[in-house]
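Both of the next two complexes hold subunit A, though its partner changes from subunit B to subunit C.
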Partner chain A sequence: MDADSDVALDILITNVVCVFRTRCHLNLRKIALEGANVIYKRDVGKVLMKLRKPRITATIWSSGKVICTGATSEEEAKFGARRLARSLQKLGFQVIFTDFKVVNVLAVCNMPFEIRLPEFTTNNRPHASYEPELHPAVCYRIKSLRATLQIFSTGSITVTGPNVKAVASAVEQIYPFVFESRK
Partner chain B sequence: MPGGRVCGACGCAEIEVDAARGDAVCTGCGSVLEDNIIVSEVQFVENSGGGSSAVGQFVSLDGAGKTPTLGGGFHANLGKESRAKTLQNGKRQIHHLGNQLQLNQHCLDTAFNFFKMAVSKHLTRGRKRTHVIAACLYLVCRTEGTPHMLLDLSDLLQVNVYVLGKTFLVLARELCINAPAIDPCLYIPRFAHMLEFGDKNHEVSMTALRLLQRMKRDWMHTGRRPSGLCGAALLVAARMHDFRRTVKEVIRVVKVCESTLRKRLTEFQDTPTSQLTIDEFMKIDLEEECDPPSFTAGQKKLKIQQLEKALSKKLEDFEGEISSYQDEIESELENSRPKAKGVFANFTKDDSIEDNASSILGEEEVEDEELEAAANHLNKDFYDELNEKDRVKRNEDGECRNGNETLVRPPALESLLGPLPTAASLGITESIKECISTKDQEPGENTGDGELDLSGIDDSEIDRYILNEAEAKIKTELWMKENADYLKEQKEKEARIAKEKELGIYKEHKPKKSAKKREPIQASTAGEAIEKMLEQKKISSKINYNVLRDLNSKGSNTPKKEDDSTDDSTNTKKLSRRKSIASRNIANPVNSVGKRLRPLISTQFAKKAATEEVTFPNAQAEASDVEKPAAVLVESGPVAYNPDEEVEEEEVEEDEDHCMSALQLMGGN
Partner chain C sequence: MAARGRCPECGSGSLVEDAHYAQQQLVCAACGCVLSEGLLTTTYTDEEHLREVAYSQSTGQKEQLSRCLQRGIRRVQDLCKVLQLPAVFEDTAVSYFQRALQLPAFHLVSLEKKELLGGCCVFVACRQHRWPLTMGTVCSLLYARQELFASVFLSLQRELGLSVPALSLADLVTTHLNSFRLVQPTASVPAPFLEDKEQLLARTMAIVELASETWLVTGRHPVPVVTAAAFLAWQSLRPGPRLCCPLARFCRLAGVDLPPPAHLRLRELLEILLGMASQLSWLRGFRLDKRTVVKHIGDLLQHRLLLLKRAFSQQDGQGQQDTAPGQGSGSQGSLDKGSGSQGSLDKDSGSQGSLDKESVSQGSLDKDSGSQSCPGQGSGSQGSLDKESGSQGCPGQGSGSQGSLDKDSVSPGSPDKDSVSKDSPGQGCPGQDSVSPGSPDKDSLDKDSLGQDSPSQGCPGQDSVSQGSPDKDSLDKGCPSQDSMSQGSLDKDSPGQGCPGQGPPSSPAVAQRQGCPWAGKQQRGGSLRPLLPPCLIHPRKRPRPAAPSAPAVALTGDEPISDSEIEQYLRSPEEIRAFRKAKAWP
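Right, the complex of A and B next:
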């Protein structure tokens, strides 16, 4: 139950979602016609553009707001966002790269032991909620970090939070509780 | 019995209390001061039939009846009506649903309490009321431990379980109610009853319970739907007691999928307990506990992955061997070719390289070539190379220099693969960079403003994301074809609009906006702004305009008693007069309001349908308009606040009864 044992746990970041603005109106039709790897969803009014180098899918609105998903680290997310802005520039829009913000980070972590979920829920009443009829995992929310953890009985934990640090500290926080209710 | 009370509106102390109706009415002005008076005495009255009945009315606990309060607490009073309605509706729905679920009265009352809490915390906002009610009911089921599943509720309402579940979770969190975890054992009696085991019902249930407990210890129950486990346990228990219950019957009762049930059965089969005979099972409890099935499945997966890795490594070794054989064969083939062909081969090779370079500077799709080259290089596909060799041979046979251009692609690959790979690739990238270098400079100027840090961004790669002209054309064509219908519609719409414009019938059908756009009100003071707003906006029956007006204008003598007038429902002339006074007082300080107020007042009195009432204030307003020149917020002057003046004005009103009809007045707008 020491903090040192966390170091042995590897937390894999699987998804980083970020947003940025281009501060200029984008003509979706033009992007759709001249971009090489775009999907134009006219009914909802957005363009999906997929980059290969950092594996990123970006949703572009005509207002200039762009959401980037699929990156595996914060750095990569920023890199991909910049590339995207660059390619929009090349298409001819007066792009200004502003308001970059990482919105959501999703990470997966594996505990070396199984967890007794009903016991865990009773011990952590207000924060943990377990509805086996709806979802096989316990949903544990940490308000201070604004992070949500999904704890499965096999010991794997899925964490979502506003940035990588929050995710890491959430795992650290939950470790002692989970250790108590281990099999 | 007056009891020393004074009427608020007219100030007279003569108040008549009628016990039968439960009213307290002022005899001077006729305003109802109290409704539904609660008394502690019981009076009896004789009926026409000769019997006697108690005097009074029933007033319901939840305030369903009208319970006005005197004077203050205006907002609470009005809000309560709506709130009472909400609660009443909620209660009705709870009872309706609860009866379908066969919940007892205590549960229903608890559910109603939850609902009241939810309403007070504004959790019903933005959610369908049926969802909230279902969540309240389910919460009660959980806390009481009744064998009702969320699935049952969703069946009744025909709503997705997860939607209900979400509402339920929000409710539980907001109300800070910890619902105890579901125990599958709770469901057994219910399902057993439904499966109709007759006399042996109890025994089968006990067996099923034992099975469930065993499953729990074997870690089969965490993260699983309790109904699925119950189904499996009951099925086995039934078989143990010689009842033939098919999987389908069990499924219909338990509401899980067939595959789920089978899976549970197989999982149970994997546990050592399944090996025991029936008698042994009833007596003995095995000590060891199993791992949860998903865990074992995970372990299996890991093992398989490891095996695959090992296999693939071996495969790679084999492939290495095969490729070495391939190379040997190739070299032998080359050696075995006659020399003349060898000369030609060199020839073609040189040409191909030149053509390659020239074509690239043109409009070839370089990226595809490079990708193909890379792919071929990695795969070392024997057959491809064979084919290329065949083509080369054919070319040599045909002595085609012309054919070289068509062959640019495949031999180009060879050349890439062959002696000059690096040079060719370098040549390609260099040429591209030359082409684009000019482009780069122009956008480069913009980046300064845009704070776009270009470090690490490979422009050439980005340019691949942008199609060139030919490609853009093709894409445009495709897009046009796909969206042809939409474009047609647009054109037709435009044509239609153009026609209508010509004919002059053109109506712009704008999408309905909930808020109408108004001109911005230009006023020097806040009070003026309020008044002008009042002109434009429809007057609501729930706002006390006197108070609004007085917010800024510090009129000390404003009788708050006039507030009563707006919420009384009795339709007396005196009432209308008071209302007219109120509205007139609104009219007075505002200059041009008179005309505008007509439609407002007429909407207010729409239900009452008395044009006379409309005329009163209008006539008076007009009179007051005439009296006052362009004064805006002037409180002095003939503004009537004093009750004495009101009496006089009432008399005046009666004379001007019939002056104008509402239409005429409204026409003045």
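Right, the complex of A and C next:
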């Protein structure tokens, strides 16, 4: 198989983390009392609220900053965040949905071949770091995309990046290198 | 100089300003009388006024190292001395440490981390000079937690931009084995357990290389692999008294720690060795288990490249031999040919399919090579007369070849092997099996065909058959004799193992009879496994759900949200009251 030919690789997005602000102070006790599906962590000062659809877990601070994790796409993350803001509105807070930003995207991709990790590391010296005593995978950083890839010998690759586009281009960039060191 | 005033004693006017050590004095030059003296000591405030440059701005400050740095450098030097490293390493480590401490990332760091930083610098210096020092060793010397050491190491690598080459396994094996008490003659270890260092080292290296070729080393911690390999090597050098010694006891005797993954590595190595052993022609008849295969490790290592190729399918095409016509049982075909079998019954030539190359190389006369279909191929190669091997399916051949082959090889004990082999063919294609026995194979590694790990399925019977077991059918019956016969009883335990009694022992035979590829496939699937990392072969996790190709409704994220959807996330007033009462919040 030629490395340049188009290979349809399934990139499965497993997690999208986003943040937004509500521009108002939130009373965590009130949320814990009147909201359903919430967990109040008083010692740390945050409330965890879980939405069912889309399946999202939100961490709410009293300053009004909210972090949502668990979405499987950027749109779903935005939808879930808006739902959350809406439920906070219903609880009586003057919520304004602002500063929504996708912070991190975690995706998994499977190569159809196994990869020889020591060979891959020597060929990609500065970017790739392989310490079998610490972790079974090679850690490859792409500075330009601010993406990190973890490449396992089974051909499975875990990518984290700032958005879905960066993740996709990271996989595209890594494919020829990984193809060189395949079994 | 002109003095002021006159000496009170002699009245002369010649007064001289002199210094007696550090003390200024006004002395009369004529009589030596001291008129006045300066202060012997000055106060701090006086001195301050005298100073031109503040100490912090003078160059003296830079020349002197800070206390933290001094302590750190001393720790690094102590560490190098404990590890008995050459002086070059010490200099390198100290220079890295100094550079690191100047970076802002390591300024306001806890003392524990600074100490670990010293250890990391030594570790990096060793790695760069190809000295096999493991993180575990450094952590134990510094009484540090592995996670913290790992994070300090990674940040050091990032900050200083160091390129740290990988740990070389060969050096690690050498160093690790040197620390074993079993190789030192003065140890308080029972005599049968002592071992010569060179031999143990050579064999352990071979086993470690085998492990690295079969995906057992990639991604795994190297030390448990080395420990398991050393254990197998030690056992195999003198199996008699050592087979009953478990891994834990071995580590205690050797005076090393037993790393927890070593048991898993040992199991994986044994699995690979068993797979290889099933391809070894003179072992086919025996049903080896993980203890008995240890005795044959020497042979297996000698022919490991060949055996690996035969035992494990590199691509999926390998067992497809069902084409072999004779074989009916496809299985044979597949097994034997190793895929190469072009199915040509013919012995020789075709055979070489893929695996048979070896047979060819062996100078098999070939017919057997043709054996691709016949498991016997292996035999052919033996350079034996073998010819019959070619018997791909022709029972007759098997016998024929066996006759020739057997004499030499098989002879070990069963004269009737030949005969036996003959009958094996009887079963339909079974001839192949018989063929195999014909192969004297001791020399030849043999073709694998049926052999594939007897343990894997009842198929071992075939092996035994090949060995010249009286016949496949009997195999099922569990005739142990075959095994013994074949190898001249190489394996005591194998006898009886040959008898397929296992599982579908009859399947191979049956398959042969029916010639249905199904049996072949079963065998193939069971015994000829692909050479993959073990986590792919025994997956523990549930596979991830496939990515949804496209959601039924493509989300944009800006859809309107209805109130009813939100209601589920709010408690009703009664619930709130009940909750408040329960929690007793003010």
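By our rule, the second predicted complex is superposed on the first by the 176 of 183 C-alpha atoms of A that agree within 3 Å, B and C clash if a C-alpha of one lies under 4 Å from a C-alpha of the other, contacts with A are read in each partner's own complex, and residues count from 1 in each chain.
The working rule: a contact is a pair of C-beta atoms (placed from the backbone, for glycine too) under 8 Å apart; a residue touches a chain by one contact, two chains touch by 3 or more.
Bear in mind that the values here come from a model prediction, so they are computed numbers and not experimental data.
Peer 1: Going by the contact rule set out at the top, does A:90 touch subunit B (first), subunit C (second), both, or neither?
Peer 2: both
Peer 1: Identify the partner contact of A:51: answer first if only subunit B is touched, second if only subunit C is, both if each is, neither if none is.
Peer 2: Touch status of A:51: both partners.
Peer 1: Does the superposition put A:117 against subunit B (first), subunit C (second), both, or neither?
Peer 2: both
Peer 1: On the A-aligned overlay, A:10 touches which partner chain: subunit B = first, subunit C = second, or both, or neither?
Peer 2: Only subunit C; A:10 stays clear of subunit B.
Peer 1: Check the residue A:98 against both partner chains and state whether it touches subunit B (first), subunit C (second), both, or neither.
Peer 2: After superposing on A, A:98 lies in contact with subunit B but is clear of subunit C.
Peer 1: Once chain A of both complexes is superposed, is A:37 in touch with subunit B (first), subunit C (second), both, or neither?
Peer 2: Both partners.
Peer 1: Between subunit B (first) and subunit C (second), which, if any, makes contact with A:79: first, second, both or neither?
Peer 2: The answer is both, since A:79 touches subunit B and subunit C.
Peer 1: Figure out whether A:143 sits in contact with subunit B (first) or subunit C (second), or with both, or with neither.
Peer 2: The answer is neither, since A:143 touches no partner chain.
Peer 1: Once the complexes are superposed, what residues of subunit A are shared between the subunit B interface and the subunit C interface?
Peer 2: In subunit A, residues 33-37, 51, 79, 82-83, 86-87, 90-91, 114, 116-118, 121-122, 125-126, 129-134, 136-137, 152-154 are touched by subunit B and also by subunit C.
Peer 1: Of all residues in subunit B, which touch subunit A in the complex?
Peer 2: 149-151, 161-162, 165, 168-169, 172-173, 176, 178, 181-182, 219, 222-227, 291-292, 294-295, 298, 439, 443, 446-447, 449-454, 456-459, 461-467, 471-472, 475-476, 479, 483, 486
Peer 1: For subunit C, which residues count as touching subunit A in their complex?
Peer 2: 134-136, 150, 153-154, 157, 163, 166-167, 215, 217-222, 532-533, 535-536, 544, 546-548, 554-559, 561, 563, 565-566, 568-571, 575-576, 579-580, 583, 585
Peer 1: Enumerate the contact residues on subunit A facing subunit C in the complex.
Peer 2: 10-14, 29, 33-37, 49, 51-52, 72-79, 82-83, 86-87, 90-91, 108, 114, 116-118, 121-122, 125-126, 129-134, 136-137, 152-154
Peer 1: Which stretch or stretches of subunit A touch subunit B in the complex?
Peer 2: Result: residues 32-37, 40, 42, 51, 53, 79, 82-83, 85-87, 89-91, 94-98, 114, 116-118, 121-122, 125-126, 129-134, 136-137, 152-155, 183 of subunit A touch subunit B.
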